[in-house]
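Listed after this line are the structures, all set down as structure tokens.
After this come two complexes, each holding chain A, first together with chain B and then together with chain C.
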Partner chain A sequence: MKRWLAGAMVFIVLTLVGLFADPYFISLMTIVLLFAFLGQSWNLMLGIGGQLSIGHALFVGLGAYSVGVLYVKFGISPWIGLSLGMIIAGSVGAILAWLSFRFEVRGIYFALLTIAAAEFARIMFGGWEFVGAMQGLFFPAPTGAIEFSMLRGGAGFYYFVALALAALGIIGTELISRSYLGYVWRAMRDDEPAARALGVRTFRHKILVISVSAAAAAAGGGILGLVQGAIFPDSIMGMGLSVDVLIGPVVGGLGTTFGPLIGSLAAIPLNHLMSAIGDSLRIPGLNNITYGIVLILVVWLLPDGIWPAIARLCKAIQAPSRVWLPHLRKAEE
Partner chain B sequence: MLSLWLNVLASGILLGLVYGLVALGLTIIFGVMRVVNFAHGEMVVFGVYIGYWAVRLWNVPIIVAAAIAAVVMFFFGYLLEALIVKRFVNRPHHYQFIVFIGLSLLFSGVLLVAFGPDPRPTASQLSFRTVSLGFVTLDLARLQAAITAGVLIALLGAYLRFSSFGRALRAAADNRLGGLVVGLNIPRVYAVTFGIGAACAGVAGALISPLFDAQPYLAVDFTLLAFVTVIVGGLGSFSGALLGGLVIGVAEAIAALMFAPSMKTALPYALLIIILIFRPRGFFGAKEI
Partner chain C sequence: MTALLEVKNLSRSFGGLVAVKDVNFTLEAGRITALIGPNGAGKTTCFNLVAGSLNPTSGQVFFEGRQIDGTPPEIVCRMGIARTFQIVRPMRDMSVLENAMVGAFSWTKSVREAKSKAYESLESVGLAGKANARTDQLTLPDRKMLETAKALSTRPRLLLLDEVMAGLRPTEAAGVVRVLQTLAEGGLTILLVEHVMRIVMEVASNVVVLHHGAKIAEGSPAEVVADQKVLDSYLGAGFHA
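On to the complex of A and B.
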């Protein structure tokens, strides 16, 4: 109960931010929330399902391109684009998983396969004239009027879309991890032969977790494309995006529900700050250095991420009241 | 027509030998320590810059630049292992991968800060000279790079096979616990292994510096190329890395001739996906070094 309450508080604060903060902060927070959701999808795959993907940009890009192509070329609503993107990415994820787990390609090999697939797709989209090739695909400039059926609106509108998505991600992860699937997936992550011995069809479940994660990433990607107003293969399907996706959950805490949000809140503003400093001092690459050091330090010193550390701290603060409560009750009697 | 194909094939084989050297560095590190060096491409680019500066400042031949790169990168790799990588060797794979992604971001950031994003052409006289052998015309820089890479691969292979340290290294690769039991200094073996791997990448980088413009953004491509090469041959296999390098070099050269330039870069990945699907452990399985 306490978790839901804390979560609700966070979202009330974030709603107030969306209503009253200045435009720059809102656009930064939109990106933070979107990457919190994308990180959530990645976290589902590694933190709960135990499968490492370093090519999540593939699914993000498929989602973005589905929305972009349908909207820009045919004027079809992004809602349909999002659904289509989720179906495509989910199927691609399932096919990749099926192909590799069929021959017991796993661990590092599976991770490398995801990179190869993402890079292959990036180059293919970069050479495909219909989707704009390397020049990119541009959405028409927003008029500012909010059109819910076409998912179009100003920066404030997209902030709330991103917030809704992040909330969905957190609630979804929480529900999944408490359901039968969550227990099965965690069992599979921790000890696959044991899970199989207990009658879990790990082959199917691995495909399922990757497919769900890929579909979620595609939904995030579709919105990311709309928010950025343009889609370029190098930025939406490149290695850089795959790395950006995994930084949030790694910094926040692998396999935890709130980790990706906390991690994105910490890492993305830091990255923006560092690239702003780098730009003003004319030192490109400063943000890369910071990200690199943060990643190394987090894995070194806080391998569970910062969220479990915060949670422990909260518990330590609350602990005395729990100890005292029985005594108080006794006193009342 | 035939001579065109022969030329393409020859230049593919020559570059393939250099790719083989890059992949060898990656495969030795993986074979012994079971970690995937995600920052390998950055190490190649360090080598390219060492080659660039050595030629620029002292006007030395490329071979000397490669020797400098070997020494510098060996100590770099040794220290990197002893100071940072060592702490993560026994962690789960995904943590190691994330640490190496961090290292690769760090190195590419350092390269950007130090040299800026603009490409620096190393066009020395060497880049324009060619050698004619009847049917085929080879450019001298490529030939020199390939011969040096080939000799180094052979020397390294002999060293691993016949020297006592090579035996220790292979023993550590085979069974870490067994190595500890018989009294191998495993931390030192690991550090030297990482040094050798980094030196392979650095030398390859210096050797190709006349062919590629020195540029920080090259690193990602080289990392991915090294992965592809190594997986085509089989992660952890010595001969596999060499074979993978040749396959990728030739495939790239043929693709450049047959398809649009963008397809040329896509081909290695297509090849990798096909190989991972049909022969997931590569041509040569794993383990053997």
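On to the complex of A and C.
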């Protein structure tokens, strides 16, 4: 219950940010929240389902292009584009997983396959004139009027869309974790042969978790395209985006519900800040260097991520004996 | 007595090595059968063939009259055969109770039902008091019993136990023996792969002896220890029951 209260408070604060903060901060926070959601989708797949993807940009891009092509070329509402994108990405994820696991390609080799698939899609979209090829696809400039049925509005509107998406991601992850899928997926993540011996049909569950994760990533990608106002294959389907997606959960805490949000809150503003400082000091690439150093420090000092460290700290403050005694006993042994 | 499981002419080779050679035995419902033999006799291979983790090179396995050899392990489990692993494999970041719940999801999707079944399984192996502990806080005998509880949550009619007593002190093993006896009295059929002869004598009503992949003897514990072939190949000349 306490977790939910803390979560609700975080969202109240974030709502106030959306209402009163200055436009630059709002647009930065929109990206943070979107990447929190994308990280959540990736986290579901690796942190709970145990399947590593380094090509999540594929699903993000499929979502973005579904929304973009339908809206820009045919004037169809992004709501339909989002739904279609989720179906396409979910199916592509399922087919990729089916083919891969059918031929016993798993673990790190599956991860390599996700990179290959994302690169394939990037090059394909880059050469496809109908979707704008390398020149990209541009949404018409927003008029500033909020049109909910067309998911169009100003920066403030998209901030709240991203906030809703991030909240949905957290609630969805929590519900899945507590359902039978959460138990079965974590069992499969920890030890596949042991899970199978307990009756877990891991083949279909691996396909399912990848498909759900892909569909969620596509929803995030669709909104990301709208927020950025343009879609380019190199950025929306590139390796860089795949890496950006996984930074949040890795920094925040893999497999935890709040990790992706905490990680994005820590990592993305830092990146922007360093990039601004780098610009003013005329040191190009300062953001990337800092990013690398921070990542190394996090992996080194907080290998479980930031969120588990915070959770441990809270518990230690509430009940020092319960948490620390076993550790002390262990140390004595 | 009806045969719950029937193993017919079962063989399995790995390359040129014949690990299991033309083995036959049946398991009677509600009884404890032990599979014994020296290291490398093919006990675990035999066990994996029944559990679906390996496919036989030739021969069949029938469970309740249905042929099950070559069926994947998760389906074998859903048919009513649960197994444990020689190396204990608790799931990290999951409590003892949560570990015991996973097996129940082979027959229900309700978390509440799984939880109550998991409590029941933990109770029957004497771990109910540690339901909320983390698995890394458990002692070795408790971990072995957790493996058994995990298997019990799948509601098996046949339980396959791979060396549950290995590495336990005699008093700890005695506790495990009591648990197994209670389970068998409740109607569960058990096949155990075991090394510790004293325990086999105490708990099993039927013993199958393997040597170099082939069955060399079968019978009650008393019959088996009196068998000259068993004495020569496994127990050694000096064994007294």
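Here is the rule we use: the second predicted complex is superposed on the first by the 319 of 333 C-alpha atoms of A that agree within 3 Å, B and C clash if a C-alpha of one lies under 4 Å from a C-alpha of the other, contacts with A are read in each partner's own complex, and residues count from 1 in each chain.
The rule is simple: a residue touches a chain if its C-beta (ideal position, glycine included) is under 8 Å from a C-beta of that chain, and two chains touch if they have at least 3 such contacts.
Since the model is a prediction, treat every value here as computed from it, not as a measurement.
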State whether chain B and chain C clash or fit side by side on chain A once the two structures are superposed. fit
Quick one: is A:I283 in contact with chain B, with chain C, with both, or with neither? Answer first, second, both or neither. first
Between chain B (first) and chain C (second), which does A:L168 come into contact with in this model arrangement: first, second, both, or neither? neither
Applying the touch criterion given at the start, work out whether A:L270 contacts chain B, chain C, both or neither, answering first, second, both or neither. neither
Would you check which partner chain A:I310 touches, where first means chain B only, second means chain C only, and both and neither mean what they say? neither
Just chain B (first), just chain C (second), both, or neither: which does A:I95 touch? neither
Once the shared chain is lined up, is A:I176 touching chain B (first), chain C (second), both, or neither of them? neither
After the superposition on chain A, what is the angle at the C-alpha centre of chain A formed with the C-alpha centres of chain B and chain C, rounded to the nearest 10 degrees? 80
If you tally the residues of chain A touched by each partner, is the higher count for chain B or for chain C? B
Least Cα gap, in Å, left between chain B and chain C after the two complexes are fitted on chain A: 14
Overlap of the chain B and chain C interfaces on chain A comprises residues none
As the complex stands, chain B meets chain A at residues 36, 84, 87-88, 91, 93-95, 97-99, 101-113, 116-117, 216, 220, 224, 227-228, 231, 235, 260, 262-263, 265-266, 269-270, 272-273, 276-277, 280-281
Spell out the residues on chain C that touch chain A in their complex, using ranges where they run on. 51, 53, 72-75, 77-78, 82-83, 85, 89, 91-94, 98, 101-103, 105-111, 114, 137, 150-151, 153-154
Chain A residues touching chain C in their complex are 178-180, 183-184, 186-187, 190-191, 193-202, 255, 326
In the complex, chain A residues that touch chain B: 46, 52, 54, 99-100, 103-105, 107-109, 111-113, 115-117, 119-120, 123-124, 126-127, 239, 243, 246, 250, 283-296, 299-300, 303
